[in-house]
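One chain, subunit A, appears in both complexes that follow, with subunit B as partner in the first and subunit C in the second.
After this line comes the complex of A and B, so read on.
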């Protein structure tokens, strides 16, 4: 039982961070219909930013989210304004090539600056735990990052549902042309959405940094995960991405225990295929026929 | 006048080269193995200096194999046929060494491999291939022997990365524990680079093993130990085989690396002649702590160069002298012997070390010990 609870809890906690990555990707897709293949690399930039802030300025990784979030927002907005906006009406494969290219530039630039060595962030609480009872323990940094994730997700819901700008973003996602006819500046909404998406990915990077390790190619692992989560939850659905993230987290952790650690990716992808077979538009997606 | 001086200078610079024996070096100086290759290069450079002091002038022919076996092989062809070297020191990786070994045999060039781990290399009866370091199976057996001599463990759990390196090391370990009567209670092969090992570790914890045997590289080693602490995995000893558990970075993570037992080919505090001095000079010259690869490469070059010189640059005589010789230096006693299926294999003593007070301290074999071992593993704080 302890093993079951342990893997359930760590699955949920890690799933929360996955969700944050997925939400960023789904937001970008929802508004622009652009699949961002550089999403993991944006996360990697967030990790290195956190690493720099921690090593040179001594800013705690969790506090540094306050700096990482706006910086990554600006970075994302810049990418959107300078690059992505130009291919919004281009063929899908051109968009994909552009985002892959941007990702490659990011990871290789980082590799030139920091070399390909692994970096480990060691905070005083990196290996701290809280005993929950029944032999189950929870990693303190993972718990904190889960709480921050939950907070950010809640704030994001509020922003998208209650504010004018949020509604304008959702309107753009629903129907770009109709939104434009209603007087919404869709180009600005796109910049906002890509900025937000990048900020979320960067924040996820900052939150993972204390418990994971950092290297220039780390993005690839998370790009793939973000995809599975987004498609599983339904492309463009924020609720879906949240659910998808947690579901993937739990599946990984459970299958590592009850099947085999080496097979956990197989289990995740089988689940993924099954969901697509029975609900082709994802858990929360609306079909777009 | 100026021209004359230049000519004089050139001829003076060339003189030792003309008289010197040629010795080839194949090493991974670029490519993914470059960080380790750098240690080997530096070790050989130090050897070159020391040989000069001893009056052994040699001309080194450097070849970079970028860590790829096919490039390593063409480097060997070139050294054997065009440069006419007396002997070759290198290459670094197991894959390259194994490929080059067969060529060395074909061209009758004595090859001294400083630090490749795969057992097979010296198990093929190749007469011209010599190896300085202890092969991979010794990692597992040294660690398990150490645990058995320190306490009375009955069960063992394995967790290792599902790569060639991880799988083969733990396979030899499993064969060895079967002989020693230890019970394997859990076995987890994980894909490299996972973010979360907690569930696997919790599963191992539920089996309550006396020993936990891990095979991983740097970053995973730190994650595994961090998460072991998180889930409260509490064996009598953590045994770390492989690269990740013997790095300065790992030792620096004192909260989780303290008391972990690992093993290595060489340390700078062992009382082998010149080991400490080598470590100090290496650090002074290159600004870094040497890894065992550096010491292996240094000792290999010293032996190869002196043997080649004494043999007057004759390949067959060099081979015979390597086979017959006995040395004592930074790597301890070196002798290339035939035993347990190996040919020309130095039966090198592995040093078992434990991180005590944030430093690697040798705990076994007892004649080389710098600190007393801490066993069983203390309760996590």
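After this line comes the complex of A and C, so read on.
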């Protein structure tokens, strides 16, 4: 029972970070109908940013979120304005290829600068744990990152539900043309959405930096996970991505314990294919015509 | 018809030159480049049949490439089965894999199809890492001892030089080219293009969507697996990232997209651009050229840095090329060439 609780709790904690990645991807998809294949690479840029801030300025990775979030927002806005914006009306495969290309440029530029060596960001609390009782312990960095994630997600929900800009973003996601007719600056919303999506991915990168290996190709894994999460929750649904993230976190940690850590990603992908087959609109998505 | 005659003559000249090349060029490096070129042409052309003509943009072709490469290598390594027999097992297995993938992925459209194709390739890559008894896991399979190829007791080749590989590669490239030509000019090709342009319209005209998509997939997958088997025996080594990785899928796709999807010569053009460029980066030719011209001093920090790292980042070039092609010539190089040609015609 202790093992079960242990893996359930660590699954939920890591799932919180996954949710952040998924929400970013789903926001971008919702507003622009573009699937961002460079999402994991944006996360990777966030990881390296955190690494730099820690190594050269001594800023704690969890504090550096305050710097990473706005910087990655600007980075995402830049990507949208310069590249993605030009293919909004192009064929779907061209949008996909463009984001793949941008991802390749990001990962290989980072590789050129930092080489492909694995970097480790070790803080004083990287391997610390907190005893919860009943033989269950929780990794301190995971717990902190989960709390920060929960805070950011709550703030994001408030932003999307309560503010005018947030509602404009949701309106654009619901119906781009109608939103435009209502006087919403759709182009600005797109830049905002891509910026926000990138900021969330970058923040997720910052949050996992203390517990993960940092290397230029780390993004690919997270791009795939982000897809699984958003499809599971329903493309474009923020609530779905939140649930999907937690669900994938739990699935991973359970299959690592009860099957084997080598097969845990296979379990996730098989789950993904099953969802695609039997419920392509996802858990929270509306069925599409 | 002087134009057809011109085409036939130039085709015969190019073919003759390619056939005669190993007689006059002895440099193993030059032959190696040509073999890579043939491999790229056949990869790009195989993808073209499914992605270019049928419009199903698979980002998981590493699955077929890897299954072909792994099957041939495993049979040769573990059971000493010669690759020219092993290849058939590879192709048979790929047909099974392709039909399984088709039955899952073809129910899905657009982005969902792309995502599913990636997921399947990833499942295969992770399986190759984890099934250590079968695939030797992350270490990969090293098998360089090719048996001599005999026909009726007479030794045709012992694979001591690159020349036999050159001819196998050439045959492979010509085969994929011929099959693409056939697809383009057959009823199948018209069905596929109809599906690509408007799936619902094609369906309402009575074209069985799933049947023709699956046919295109099987042809494409079998040819890709042949290319994979060839890669395996040529290099003598396969491991999960080099034959089953996501990078492989992207590279296969890029050859076709940079050249021009849905055209006969697009993948050839794409390979002609990509192979020399990425080899130049990989072998540090570009850094050396910069040093030669005097732009960068060999001992300066920049020069040393480029020498050290540029070779590892040849994929960066793929990224930049894709972005440029998508933004400025979404129809690929072939589309660009055609646009130029029609403009010239109009001006004349």
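Structure notes:
The definition used in the following text is that the second predicted complex is superposed on the first by the 286 of 289 C-alpha atoms of A that agree within 3 Å, B and C clash if a C-alpha of one lies under 4 Å from a C-alpha of the other, contacts with A are read in each partner's own complex, and residues count from 1 in each chain.
Everything below uses one rule, namely that a residue touches a chain if its C-beta (ideal position, glycine included) is under 8 Å from a C-beta of that chain, and two chains touch if they have at least 3 such contacts.
These numbers were taken from a predicted model, which means no experiment stands behind them.
In the superposition on chain A, A:178 contacts neither subunit B nor subunit C. Once chain A of one complex is fitted onto chain A of the other, the partner contacts of A:137 are limited to subunit B, with no touch recorded for subunit C.
Of the two partner chains placed by superposition, subunit B and subunit C are both touched by A:265.
When the two structures are aligned on the shared chain, A:10 is found in touch with subunit B, with no touch to subunit C.
Contact with subunit B, but none with subunit C, is seen for A:118 once the two complexes are overlaid on the shared chain. Put subunit B and subunit C next to each other and count what each touches on subunit A; the higher total goes to C. In the superposition on chain A, the residues of subunit A touched by subunit B in one structure and by subunit C in the other are 260, 262, 265. Across the complex, subunit B meets subunit A through its residues 35, 162, 188-191, 193-200, 202-203, 205-206, 218-219, 222-223, 225-227, 229-232, 249, 252-253, 255-256. If you check the complex, the residues on subunit C that touch subunit A are 57, 59, 104, 107-108, 110-112, 114-116, 118-120, 122-123, 126-127, 129-130, 246, 250, 253, 257, 309-310, 312-313, 315-316, 318-323, 326-327, 330. Residue ranges of subunit A in contact with subunit C, taken from their complex: 35, 83, 86-87, 90-94, 96-98, 100-109, 111-112, 115-116, 220, 224, 227-228, 231, 260, 262-263, 265-266, 269-270, 272-273, 276-277, 280. Residues 2-3, 6-7, 10-11, 14, 117-118, 120, 122, 126-127, 129, 135, 137-139, 208, 211-213, 215, 221, 252-254, 256-257, 260-262, 264-265 of subunit A are the ones touching subunit B in the complex.
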